[in-house]
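Below you will find the structure I want to go over with you.
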Amino acid sequence: MVTSSSLVYLIGLPLFGAVFLLLMGRKADKWGHLFATAMSAGSFVLGLLHFFAMTNRSEEERPITQTLFTWIEAGDFKVDAALLLDQLSICFVLLISGVGTLIHIYSISYMSHDENRRRFFAYLNLFVASMLLLVLGNSYLNLYVGWEGVGLASYLLIGFWNQKPAYATASKKAFVMNRVGDMGLTIAIMIAFATMGTVSFDGVKEAVDRVGTPTLTAMGIMLLVAAAGKSAQFPLQAWLGDAMAGPTPVSALIHAATMVTAGVYLIVRSNFVFDAAPTAQLLVVIVGAITLIFGAIIGMAKDDIKKALAASTMSQIGYMIVAAGLGPAGYAFAIMHLLTHGFFKAGMFLGAGSVMHGMNDEVNMRKYGGLRKMMPITFATFGLGYLAIIGVPPFAGFYSKDEIIATAFNSGGAQGIILGSVTLLGAVITAFYMTRVMVLTFSGKPRWDDGVHPHESPALMWLPMALLAIGSVTAGYLFTQGEALVHWLSPLFAKKGEYDELMPHSVVTVLAITAVIIGVTAALMKYQFKSVDSVVPTDVSLATRLARNDLGQDVVNEALFMRPGQALTEGIVAIDERVVDGAVRGIGAMTVGSGATLRRTQSGYVRSYAALILLGALVLLAGIWVVTQ
Amino acid sequence: MDPYNYLYLAALLFTIGAVGVVLRRNAIVVFMCIELMLNAGNLTLVTFSRMNGNLNGQVIAFFTMVVAACEVVVGLAIIVAIYRSRRSASIDDASLLKR
Amino acid sequence: MLEIATPETIMFWALAPLSVIAALGMLVVKKAVHSAILLAFVMVTLAIFFIAQGAVFLGVVQIVVYTGAVMMLFLFILMLVGVDSSDSLTETIKGLRWIAIAAALGFGGLMIALIARATLGRTAIGLEIANSDGNVEGIAMLLFSDYVLPFEVISALLITAALGAMVLAHHQRTNRRPSQREQAIARFRTGSLSDAAGLPGPGVYALHNAVDVPALLPDGTPAPTSISATLKARGDVIESAPFQLDVVDPTIKEEK
Amino acid sequence: MSTFITPVLNYAMLAPILVVLAGALIGVLIEAFAPQRSRSSSQLLLAVFTLIVALLALIRTRGTYSNKVAMNSVTFDGAGYLLQMSILIIALIAILLLADSDKFAAAPTAAPGSDEERQAQAANIRVTEIYPLTLFAIAGMLLFTVSSDLITLFVALEVLSLPLYLMAGLARRRRLASQEAALKYFLLGAFSSAFFLFGIAYLYGYSDSITFAGIAAAITGGAANDVFLLIGISFVSVGLLFKVSAVPFHSWAPDVYQGAPTAVTAFMAAATKVAAFGAMLRIFYVAFAGDVWQWRPMLTAVALVTMVFGSLVAISQRDVKRMLAYSSIAHAGFLLSGIIALNKSGLDATIFYLFAYGVATVGAFAIVSLVSDSSGEVSDLNRWAGLGKRSPWIATSFAFLLLTFAGIPLTSGFVGKFAIFSAAYESGNTAILITGVLSSAIAAFFYIRIIVLIFFKDPVEDGTSVVIPSMYTRITIVASLIITLVLGVFPAPVLDYITQTAFFLR
């Protein structure tokens, strides 16, 4: 069977693929995509072997470590470049390499007309390798290497189609926010090193008892900042929507299944820190809850199919963060939702890509409609993902979301009621906006532009979608069967504390299903049974048609419900786009501005430089004057 | 009289030289101000040499003179080269490089 | 305890203010040459201080090397770049003068205050013992034993300086200089013969006979070719208009 | 009556310095006697040969340490060995950049744009004096790091500086700017060395000694109050901080980096930094260590201001050489934290950081020297847009080096930063730690902004073309990339070696 010495190949295969393809250059154009896919698949197969090997071992022997070499050694401080595969990381390994391989396969066809396809695949491989390193590193420092690696790879991938003019600003925003996050991680590592003298997960876990709560709270908050940056959580969420400028498979890989979940991984991995720092843990929950609602509301207002999905991702990760913030009771459910979300959201992104493929890269949902007949397979796979995300039993999302809602309600006291309500409200809105997406895209009358001939995508594209759809259908049931995932992960986390059960699980389930029904019904009322309205004033033909079909009832509806709702929605979208953007731009401008001001000291005149030196010496003398007083 | 008086004098001359570097625009005058600063340093060295009762300070001052002579050669060569291309020995004119 | 005799005290109080005034003068005089001369004066006073403090050798070197050689070099370069050129003392960089003066007052004040506060921690002993073999011998002893390495390394500095001066000043001819004969032939082979007899000389006037005034052509306009290109480039050309005949008094005074 | 002590020189240990000096002298002779045609190649050959021999001579001294090599003037110890090694390796990489013929003025004496200059360029003349000047500077640097008395330090400072002043003014294109750089560098350098000398005078006055050991003894056992000592430390620091371009003594760096020929900038930025920090390490660790409580606040303030200032101002630069200059200022701030730490790990970390940073800097400037259009190098950043499209290899290499400067993991920059901040923390300096991390986050912003510019922006109309690198430049770039990568991925052996070797003989 596989041993710990083969861990390095999990990362090594895709890394080799990336380096090899970049070095080969144009010579590899013909077969580069196949090679890259094979590397990713190889990693997945190896991961599976490890998984089976792990299930065969007893609970205590499951985590395995491979030390590659001593990376940094300075005095007493030593960091090994070492890989750790335990129950938590194997979940991620399978998700990353599995979904990653499917996306490779999908991209073969999706990118077939791009002359730089080989380079794209090299980047994909690089991304997979970095992401695997992120989840396999045995210390915060090794995690940090992967953390920066996925950042770099995602830049290369998002910017792959760099002719998009909006990209420049988008990348800047993404960059600033991610740097804020990275800084959080750096400071957290420094805190760990400074107070505990170690940065490995094991070392920190042992040292938690030795250091005071304030230190752990500071470290926890910094880790949260890092997680918020990478996982697009409030207030660092704004970059995700803009990152949709990249090719769709990239969005599926990075912005649904893998990179954006790194924050959840970080928090769950640092469970020992958060368990000992209640304040930080509470902040995690708050951030998650805000993002959950925030993302959902944005999702209601977006017409761009990818941006709607991105907002949904933000919201769903909010669910995971909330779960992760609930402590030992929630860690496993955070991971469970993360895994099921990986399946259905990746599937839906690929579906969106498939739709765009058939619609000449149109992303505006208002120009879709009635695609069900033209793209039956896409419709079916997307539909299964849809059922999963809104939480219709027995699809995957039902199980994972249900558990999170129940855990939230049962977290006790007022917090429990508030959190439960928020997660429930989130479920309503999720059902609403996802139904909207579904209806606008696949149902109703065609609203296509002239010259668009929708058609089903080739097998190479729908096959991965179908596989992901199967995952969306079955994963939730499999994970909860006999609490399989909870048991699997439980050795890693502290014992779940006892708490009063606010309401029985069955009641929560009923509530959740009710929430879904409300959301779906509302959306159907608004979009399915009426013609789609348009906020796109330039689209004259659509507007005329809408005006013809409009009924007087709408006016009342609008006045009573829609207007306030719209105002709220628009308000939140505005906060997202203006305030947050403004803040980012403001910070950027402030930094650049202060740089520019300081730059003025550089006048070009030697004499003013000499004056500066003289003043420096004067300050030193003044210092001496004070010291020798 | 206290030998410290020589130190005060040297400090004054050093200050005058330093401020001259900032105030004067002719590169040669600026350079002469730097020479004044070096001379002030030498006076300090000689004074300390006397106070310490050994000749180390004088030797350093001697080295300084040689170093200063070399600096003068290089510096004046650079100034002449600049003068040849700009027809100006004002250091304010040499401010292409900034920001 | 170091006793400073009265003659030296008198000498100090006589020369020190002078040297400070001369140094300050360096900052305010307009002409670079005057600055150089004031600096030479400061250096001579310093040489006297050196000798008074038992540094005979340094005092002599100060006069011979510094005042003699280095200052000559300065003057030489001043000649090269235009000895007459004078600086305008108006400050062009906004606020710099006041910053500089404030910094200087602060710097000088702090230096003096700090020196006043300093203690040596041992008695100042003077150089009688150290100079007992003679100052030059004493320095030589140190120079060739304790300081032998820097002494040797400083030769690298001298070579660098010479090499640097060569790089920036030594002119390497890329083409042969034309002989006088070739120049003459070339002059006659150009299109017109107007220059064949040589270019006109500069301002030959009764009142102002100098190279920086252009000569006048028969029609009364200045002849641009009569001025050296160097002077033109330097901007040292004087208008010839003030010297034209209608301005100049044409009456001839006979010498008696 | 004193007796003459016959000086004893340990020539074996002085060999690296003497070899380089000898090489420089032979170079001068070649200038005098060799025909114009063969000068360039023979000078290059001689310089490379000299450096290799010096490196071998240095390696031969491995393990033998002494502070009586040349009376009390120099001390050869582990730290000195490592620093000299770094300087020689960096110089060996950087000197190949001088070989590209169209970098230096054809006739430095001719006025820019004159017929004379055109004739000289047409005749394919170039200043080959660059090589001996460089060797002199290297000799000065080698001596600078092992000097253990103030006068040797001063002489070495001048030996390393004078050639650099001259070389800064010898660019082939944009000669006015180049000469201006030389003038600024020279005037400010002389200005700061006047301060340095004044500081030496006060240290001599305070301690009645000019050796580091004597000063250290005076600090621990002297009866004087600290005024002379502090004036001395401050003014000596002004001179050293000027060389390492720490704020507020930094202002020469951007102008000189921009104006000087890029090959010279590469050498100067990398090697001078190693030498100056080497000397700073020695003087602060050996001579001033006893007075740490008084100078630490001063240096800490300088380090903090330097980090923040360098990082902030770099953001608004539009010229790649100026950007690198400000980045080097920020790095000077980071390096200062290693000196402030005043402990063994600070020493190790600073040496590692210096070497890693120096090598990466040479590589970065080598790449800058390649990006050009018909009228010469292009350092305007706007015109670098889309470089990744036209020359992916060059752009990728540059991006990698920028990531190194930014301290992204798996590059030497990260290891160095980590080690140096850890050392700073170990000495209890949290302010340095926090400011350092914050300002490296700011710094990463502009490094990565350039990467985005290179790769994700469309090329501008009058874009630049990349010169096909000559064999020499290619060697430089590849060597610097390999060392940077190895130090990032597999730094343990080097760190180990430095930890075992680095120490100061007091």
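Note that the chains are named A, B, C and D in the order they appear, and that numbering of residues resets to 1 at the start of each chain.
By our rule, contacts are C-beta pairs under 8 Å (C-beta built on N, C-alpha and C of every residue); 3 or more make two chains touch, one makes a residue touch a chain.
Here is each chain with its UniProt name: A, B, C, D = Unannotated protein.
This structure is a prediction, so every number in the text was calculated from the model and none was measured.
Here the chain-to-chain distance from chain C to chain D, counted in touching steps, is 1. Between the chain pairs B-C and A-C, more C-beta pairs are in contact across B-C.
Chain D has its Cα centroid nearest to the centroid of all protein Cα atoms in the structure.
One simple way to say how far apart two chains are is to compare their mean CA positions; for chain B and chain C this gives 14 Å.
In this assembly, the C-alpha centroid of chain A lies 71 Å from the C-alpha centroid of chain C.
Chain centres here are Cα means. That of chain A falls 44 Å from that of chain D.
Put simply, the C-alpha centre of chain B and that of chain D have 25 angstrom between them.
Residues of chain B in contact with two or more other chains: 14, 17-19, 21-23, 25, 30-31, 47, 49, 51-52, 54, 56, 59, 63, 67, 70-71, 74, 77-79, 81, 91-92, 94-99.
Of all residues in chain D, those that touch two or more other chains are 108-109, 151, 155, 158, 162, 165-166, 169, 183-184, 187, 191, 195, 205, 208, 225, 227, 231, 254-255. Counting partner chains per residue, chain C has residues 93, 96, 100, 103-104, 107, 111, 114-115, 117, 120, 138, 141, 146-147, 150, 154, 157, 160-161, 164, 167-169 touching two or more of them. By the touch criterion stated above, chain B contacts chain A in their complex at residues 18-19, 21-23, 25, 30, 91-92, 94-99. By the touch criterion given at the top, residues 599-600, 602-608, 610-611, 614, 617 of chain A touch chain B in their complex. For chain A in complex with chain C, the touching residues are 603, 605, 607-608, 611, 614-615, 617-618, 621-622, 624-625, 628.
Against chain D, the residues of chain A that register as touching in their complex are 69-75, 77, 141, 144-145, 148-149, 152, 155-156, 159, 162-163, 167-168, 171-172, 175-176, 179, 182-183, 186-187, 190, 193-194, 591-592, 594-596, 598-599, 601-602, 604, 606, 608-610, 612-613, 615-617, 620-621, 623-624, 627-628. By the touch criterion given at the top, residues 2, 4, 8-9, 12, 16, 19-20, 23-24, 26-27, 32, 35-36, 39, 42-43, 46, 49-50, 53-55, 57-58, 61-62, 65-66, 69-70, 73-74, 77-78, 80-82, 85, 87, 91-93, 96-97, 100-101, 103-104, 107-108, 111-112, 115-116, 120, 124-127, 129-131, 135, 138-139, 141-143, 146-147, 150-151, 154, 157-158, 160-162, 164-165, 167-169, 233-235 of chain C touch chain B in their complex.
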